Each structure stands twice: as C-alpha cells, then as structure tokens.
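One chain, chain A, links the two complexes that follow: it is found with chain B in the first and with chain C in the second.
Here is the complex of A and B:
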C-alpha cells in the first residue's frame, strides 16, 4: 500500500511505547535488581551485593539437605510441568478424538460442556477445587469412596506427594479445554477421503491413527504442546490458592518460590534474590519460545 | 450387518468415555452448585453426599449479607476487565493495521516479538511492576491494574487483529485512499466497521484473560480492601477457623456468570482467531 514511509511506524508507536514501559523497562529492572539486596517494604533502600544473589540461589537450603531452595524449586517445576502437560496432551488428544468421532452422539452438547470450565477464571477454579479436594467434605473423596478406590477419606492437600499431584492435576484441568478445542480444530482439517481410502485398503483403526491422524496432526500437536509447556511453566495462581507452596516446600515451583522470596518470607530480604530467580525463569521461557517460534516458522514454509 | 454392530459397540464405548471425561471436567462445578444449594443450617456430611438432600437458594442471599462488599468487588473486577480490554484494543488496532497492511523492515521482527511477548506471565514481572507502581504512587488504583494487566493481553490481541485484518480485502481501502482518505481516517471509516466481529472477540478475550490474571496482579498491586477484585474479595469468606463454603460457592457461581456467558457468546471467534494465530 502506498503511503509515507513513517506511516506504519506511527501506527506501531502505541505498541512500542506500551511494550517499552511495561515489558522492557520492568525486565531491565529485574536484571538490575538481581545485583542488589533490598526488601519490597522499602524499595528505595538498596545495597549493591554484586553476584551474591546468584550465589545464594545455589547455596541457600531450606528443609532439604541436598538441593538449595532454588534448585529444588527448579527440579520440582520440571516434574510438575511434565505431569500437567502430560495430562493435558494425553487427555486433550483423547478428548479431541472423541469429539471428532463419527460414532459419538451429542458432540455439540459435550463441546459446550467443555467451554464452561474454560471460561471460569483460574483463581475461581482453584478455589472450587480447594473445596472439592477437602479431606472431609470434598466430593472427590466421596466419589473415590463410592467407587471403592480408597477406604477412608484422604486429605489430598495435607501430604507432600498427594499435594504435588493434586496441584498439577488441577492445573491440567484448567488447561484441558483449550487443548481439546485446539486439537479438535486440528483434527477437523484432516481431509476425510484419506480415511475412506484407508478403509478401502482394509486398514484398522489403530493403523489409521498412527499412519494418518498422528502425522497429519503433528504440527498442531507440537505447537499447542509447546505453548502449553510455557503457560504451565508460568502457572502460579492454582498452586498458590491450593497450597501456597506447602506442605513444607513440596509444591514450591519456581513461580511460587519467586513470589515467596520477594513478598512472603521477609527474612530473605529478598527482592534481589527473587529477581535473580526471575532471570532464570525468563531465560527458560525464552528458550522454549525460540523453539516454539521455530516450529511455527517451519510450519509456514 | 457386521458394520452396524461395530457402529453400535463403538457408539456405546465412546459414550462411556465421553461421560467419564465430562465427569472429570464437571465434578468441581457440580459440587460448587450443590454446595451453594445446601440450606445454610444443614451441617456438612462426611463423606459428602453425591446428590443434594434439601435445596434452598438461601446461600445466594446470605452471601451478600455475609460479605456486604461483594457487589463492590464485582464492580472492581468489571472495571479492571473492561479497562484491560479497552486499552488492549486501543493498541492492537493501530498495531494490527501497521503489521497487516504495510511492508517495512521492522515488520517481521515485530511479528516474532509479538508471539514471544505472549509467553510472559504476571509472575515474572510482579516485582518490578510493584516497584514501578509504588514509585509513581499508583498502588491501589484502577490504572495500575489496567496497565499491568494489559501487558499480558496486548500480544495476542495484536496477533488476532493482524490475522483478521489480513482477511479483509485491501481494495476497499485502496479506493478510499484514492478518494483522498488518509490512512488515519481509513482506520475508523473502513477498518473498524469491517472488523466488528473481531473487535468483539478481542475485547472479550482480553476481558476474560484480564479477569483471570487479576488475582496474581492484585496480590501485590492492591492492598486496600475497597479496591480488591472479586477473586481477592472471596477471601472474606475464609475466617481464621472456618470457611463459609455455602455462601462462598454461591458467590463464585454469581461472579463467574459474566465471564462464562460472554465466553459462550464469542467462543467461536476466539477459537478461530487462536487457530489462525497459534497454529497456522
């Protein structure tokens, strides 16, 4: 389109200003702050500590003889993200296949049901789950008792392992509808005649799935999974509402550790330390994003 | 003959799987509903009954009596949400026009950057945002929540705006430019009217995402009870020794009504936009 050379830049300016003020400037501040010691109670009183905060990340231990608070949080995050994304991808693909199947009746109905949990704000979902997982009166307990899967009620959020699993299951629950709907729209782009041809050739359902569905849906599956990994990495509200990172530090993933270090445990004096943690978080997410952008570009060409 | 039996068997199996899946997705919502409908004076039973014994709508009234500020919290959330939406649109429309209609050097790095910026979450910027807002005396203001919230909705809003604009034929604009329109008047005379459905979708996307992120942002940006969004306000139902579950669930159901209805209305557009944006 013909216009003056400056025109596109003028239209882009608001975006650049917004990103500059609220994304670049805060990011630069995180980098700067990671070399200082100060508390959020008095942010103007800063003491230069050089690389001490980074050293602290790898030396400060809390309740664990082996890993530092930060390394422990990092390792937990990896397992937690693996668990949550694993469920999202596995059940997401399963749900999408079901909703795409010609044999299922009431697809529209199920699809609408899926939209409801999607549109509930995450914090609200987590609060509802907090009640649903309640050790005495929660319906999950009651359902498991009726199905004879457990003999007595379990306080899911009171024990390290069950709390860890519960939090990532809840996170997966929150992210599942997005996954199903995205994968479903991917499945719907597969031309129907491919399956018809395979049927004529006598291929069974399993062969059709591995030879047609999977290869055709692979690009979508990859991009959506990567996107989901990044979002899950950043997941904060569900864990915070369910356990605040406890019991002990069992559900303290990196986002929770960042929050606790900067705003909760004042003894850490920790905005600088949390900033150092944030840099690792940003680096991790950035490398995942690069991978994601590369897959997107690969899909285009 | 064999075909139809196979069809029937598959139909039954898939139906069972779908019901299991739906049960998993609806369990918490189901318990929220039956908890809200339990009469306030009925004690909780352990294990929880799977079906409600008595029902009453009393909790839906009690919830406002127990936490009188509930309407204020809802209004706050609404203002934060609308603010984030409006601000996102204000930036995403011109940016979308620039990225969809012009070819220039910054274009393709900018497109990549918009995708990258979408990967950020409030938790990564919580500390600096807090410090910045505190420095400017913006803690406990609508403006701080709206600015901070928009950071995370602007990227996808811009992306949605670009991808929708690319579907609008460029000829109409060219004709308008020939007739002496400036690119600025093209935006509000032609682009905005043609983009109406996309604008609604972006508005609601930003509203819902903004609403979802209020919790994390408000943890540090809002300390004044009168300014709290509904998610923080719900903690008023938690006292030191107990939680008023019935009124709490009633309050949650009331306050999710707005986002759920909005989402059901425009879900189609959002899915379309997302698939064109993140999947290609």
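Here is the complex of A and C:
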C-alpha cells in the first residue's frame, strides 16, 4: 500500500501545532510588544512607539537613571556566561575522564552522587548556596578558616567581584552534572582498540588524549557546550536568590535586567523595553548558536 | 410529557445551583509567619457564614507577591481581593489596577482604627485598602552583651548609640555591636528609613511632592548608617533584616531594629532582651522615631462581584478577626479597641505601641515605591562599598526619584 503524499504532514501536525502555540505565538507576541509602551498592570492601554524601545537599548549613559542599563548588563552577561560555561566544560571534561578511568573504584556511587545537584530544583540549590557562602554561618568559611587559608570570615556575596564570581560558580555547580554525564557517554563510545594501537605505537597519555580522546568526543563536546551557553545565558534563579542583582548592579545580567524592567520598574521600564531586550538576547544567542554550528560542521568536513 | 417536564426541572435546578455558587479569588502572602493554614481558616469560616460562596485562596511567597499581582493583571486574571503593602497603592491605583473603596468604608468602620493608619491607604483622596497588618519597630538589645561591655543605660541619642556599638564590638569573638541590613531587599530601605526619619529627613515631602532624599538630614543619616556599619557584622550588604534574627538568637549581636515577633523569638532562644526606642538624630527635634508600615487588603478593579469582594474584606477586618490575626502574627494593633486586649498589655508590646506616638508613614507621597526603593538601595550599597560618598549617592538617587515623581 502506497502512502499518500499528505501522510507525513498529518503526522507532523501535532508537533507544528505545539510549536505554534508554545513557541511561535509567544515569540511573535514579544516582537509585537517590543513596539509598544505599556505595563502589565494596564495591558489594554498600549501606546505605539515604533522602534523607540530598540533605540533606547543603546542610548546609555553612565550613572544616569533615564538611560538604558542594557549595554552594561549585556557585557556582564557575556563575562558571566564565559565564566560559568568555562568551569562546566573544564571540570565536566575532567570529571568525565575520571569516571571513565579504569583505575577508579566505586564509579556507580560517584555517578549517583553527581546527579544530586542536577536533581535538586535550581531555586533550592541557590538557597543552599546562599547559606553555604554566608559569612557567619557558612560551611565554606568554616572550612577555609580551619585550613588556615583565611584569617577571618569572608562575605562572598557582599562585594562586587566576589559576588560576581560566586554566582557563576554556583551556576556552574548546578550545570556540571549534565556536562559530566554527556561527556562520559561520549567517552564511552570511543573504541578501546584505538588506545591499544596508540600504546603499541608508543604514544603517551597526553598524546592519546589530544589525538584520540578530544577528536572523538568533539561533536558531543561542542553540542553540550552550545546547549550550556544557551541555558547559562538564560540563568536567573541563582543570581536572583543569591544577590538579587547586587551589590549595586554588579550581578545584574540580562535576565535580571529584563525581569526588573518588565515586572519591577513599571515607570522607567515596562513590557515594551523588556521585550526589546528579550528580542536582542534571542537574536544574539541564535546568531552565536548558528556560528557555532557552522564552525562545528566546518571542523567535521 | 412527564419526562420532558422532569428534564426541564432538572436543568433549571442545575442552572440555579450554578448561579448560586459564587467564587471569590483571594491572593495572600505566605512566609514570615504567614502560613496557609492560618489564612485558610478565614476562608472556611466565611464560606460557612455565606452559603453558596466559594473562596479560592491563592498563596505566594512575600518576596514574589508584587510580581504575582503584576503578572495576574497582565494575564487578565487578577484576584478579586489581594493582600498588598500600602506603599504599592500609588503605583497600582494610578494604573487603574485597584478599585476605590469610598462607597464601602463606612464612618463606623473608619472610626474603628487609629486615624493615622488611614493616611497610608488614601491616594488622591480615595481609599484603596483596609488595614490588615501594622508594624512599628524599636531596638531590641542583648542585656548580657550590654552588661559585659559595661553599658549601664540604653542609648538616647546617636552619639551614645555609636559609642555603645563600638563598646560591644568584638569581632575576634564573633560579637558585633549592632546588626544591620544591606541586601537588595525592601526591608533594607525600611531599616535606613528608620535613621532617615529619626533625623528629620524624608524620601519625598508628602505635601509638596518634592524629593528630599538628598537633604542634609538624609545625607547625615546615610553617613551615620555607614559609620554604624563599621561595628556591625561583616558583609552587611548580604544581610536582610529578616535574616538578622539568626545572628541575634545566636548571641552575636548587641542590638538591632526589628519586630516584636522576633523579640519573642529571641526570648524563646534564651536571650535576655530589653527594648529602647530609636533615638532621634542630631538634626531632629523629636526624641524618638519609628517608621510605621501598613499592609492592607485591596480590591482589584477587575473584580467581577465587588459587593461580595467587599463582604469578604469586611469580614476579615472585624474586631474579632483582626485581633485573632494580630495576636497570632505579632503585629501592632491598628484598631483602637484591639489595643485594649490583654495580649497587648504584656511588657514586650508596650515599646512598640508607645512608638506609634513618634511614627512616620513609610511611603508618604511616593508614586512608584519599587523603583524608588531600588534607587535608594543602590545609594545605600554604593556607600557601604565605598563606591560613593553619601552626598553623591543620594544626589543620584534623588535624580531618579524626581523623574519617577514627575511621570
């Protein structure tokens, strides 16, 4: 029996409907909203402002409240994402290599342990870290004091630089298990005989790692890094719970700025400006992803 | 034919029943002592006394209450009745989110409360809320730490306050002269406002609408806040007022400004405590001061059945219900008769009720509290971090607030 030409489309229909309802419609609405000035409190009172909201994004002036804080938040986000994804990739690869090693006993136990940060709700993880990093009751300070690495407790979240670093370290802690598990699965697909052949040829561990391991897990590594960049760009809960964007604005990344603009700064901000910021973020992340995928494909060929 | 009549009667009966069941959506906060159970009791008893009415209580954490209100209006699904901080009234009312209550609040109802309470709930001559929770604050101090530092009497001015904090401060032992808040949270603004008002300053002049956060009194208050923080727990910027009780309970703080319910908590933890009112600053004539915070029940402009919504609000705020609520939560009674209840005659209540005499409204004349608070928080944090002088930081905040006031 020959299938009709329309059959594949019928099977695709539920997916297209779901995409339309949950992705394209909200996205189209955000695009529309970005051309208006209005607040959630009075959604029926919309004022058409054309491209003003987009212009506003780049009309910034330091220390002036009426100008945009978008550029500052964007720059912070880029560094923050770089820090967090960097830790995730570096430690993720290290962890995966360790768990794949022949010399490690109790791998199952470690793998189970690894799932914990991933299985705890993000908000809960951030709350745990809020108290873990606390200057008076936090276990981090207690450990550092016992090891004589510090003379007095450090309030990690109270100063701009340490708060900035602490927030992306916490974000990395939350996202690390995913990275380890994905990279581990990549490592397990490498045929063992490649290493055996390399050993016969007299290759050392470093050569094996750079010539066999890395090239073989490159597709997985690049895919999970890309996913991690996208997710980390949208990371909100760790920062909001740990510092609420402070001290002053030192941890105000784009998601925090968008949230404040949309829900809190009703008079300075509003849904229109927040939508323009969101669209810019979507375009930026999409462009980065496309560039990344193209590089990945180029590398493969 | 009989069967047809039976069907008609049944359909009509179901129709009448459906019409008779009215649903009221109420948004309430949880956290900080507000539990789901303690608030559902009110809904249940209202339903019992109002057959055919179903009260849907929605709960959200205090920190997310504002956002929940905003998003529910955005989705055109606002609750009929909601618990709000009175400082939000100008922003919510000016954007048409709240229904005025002028036609519902009777003279009799109005006279049940201290007159000053209502000033927090009126915007452009209209009532927008019924008081639900009121608080004043005073200093709670650790008697043992005061004694150990050789302090024999409580401070009555800022100079003594600073000296006493200095005497108690012993960071090597983990003992701090004073506990202070600096995190980006509303209570940090209120903590600073205690000093601001005590020194005769204001964020905005409620009569003229002029921004006064950069006045000499305000600058002196922020300078003093910074000076005091030298003798506070390290990393003040990462502490909210709500978390300070943990340090105080652990015997680590000489004194701090807080609610009566946390004073009771400290006593239960075995700390011998005393109270003293917040002393007036050098630029003020008033000997003491406190900021009066009022939370209220408000009616949404989207409420379908406003009469029923009001009935519920009225029910919640009877003398009996209000007394039950305030004694349970540890709030200062907003009703005149309520203050005569035996609970409020206890020694630890007196300083809080007496402080009312020197009370300042928290957000008088401020049009957009959330953005205004953020501007002040940035000023406080930048001063505590030595990024700006009090003058420069407050001048910047004043510029921001002036734009908000002129919107």
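Just so it is clear, the second predicted complex is superposed on the first by the 277 of 301 C-alpha atoms of A that agree within 3 Å, B and C clash if a C-alpha of one lies under 4 Å from a C-alpha of the other, contacts with A are read in each partner's own complex, and residues count from 1 in each chain.
The definition used in the following text is that a residue touches a chain if its C-beta (ideal position, glycine included) is under 8 Å from a C-beta of that chain, and two chains touch if they have at least 3 such contacts.
Because the structure is a prediction, the values reported are computed rather than measured.
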Combined model on chain A: chain C and chain B, fit or clash: clash
Partner chain(s) touched by A:14 [first = chain B, second = chain C, both, neither]: first
Partner chain(s) touched by A:234 [first = chain B, second = chain C, both, neither]: first
Partner chain(s) touched by A:137 [first = chain B, second = chain C, both, neither]: both
Chain A residues touched by each partner, larger count belonging to chain B or chain C: B
Which of chain B and chain C A:263 touches, first, second, both or neither: both
Touching partner for A:53 - first (chain B), second (chain C), both, neither: neither
Partner chain in contact with A:225 - chain B first, chain C second, else both or neither: neither
Partner chain(s) touched by A:125 [first = chain B, second = chain C, both, neither]: first
Touching partner for A:167 - first (chain B), second (chain C), both, neither: neither
Touching partner for A:159 - first (chain B), second (chain C), both, neither: second
Overlapping contact positions on chain A, where the chain C interface meets the chain B interface: 40, 43, 136-137, 153, 263, 271
Complex contacts: residues of chain B adjacent to chain A: 7, 10-11, 14-15, 17-18, 21-22, 24-32, 35, 44-50, 90-92, 94-95, 97-99, 101-102, 104, 106-107, 110, 112-113, 115-117, 119-132, 134-135, 147-148, 150-151, 154, 158, 170, 173-174, 177, 183, 208, 211-212, 214-216, 219-220, 231, 234, 243, 245, 248-249, 252, 255-256, 259-260, 262-264, 267, 271, 274-275, 278-280
Chain A-facing residues of chain C, complex: 66-67, 70-71, 73-74, 76, 91-92, 95-97, 171, 174, 182-185, 233-238, 246-247, 252, 367-368, 370-371, 374-375, 377-378, 381-382, 385, 387, 396, 399-400, 403-404, 407
Chain C-facing residues of chain A, complex: 39-43, 45, 63-66, 134-137, 152-160, 163, 243-249, 260, 263-268, 271
In the complex with chain B, residue positions of chain A that touch it: 1-3, 5, 7-15, 18-19, 21-23, 25-27, 29-30, 33, 40, 43, 91, 94-95, 98, 101, 103-106, 110, 112-125, 127-129, 131-132, 136-143, 145-146, 153, 173, 176-177, 181-182, 185-186, 219-220, 223-224, 227, 230-231, 234, 236-237, 240-241, 255, 258-259, 262-263, 271, 274-275, 278, 281-282, 285-286, 288-289, 292-293, 296, 299-300
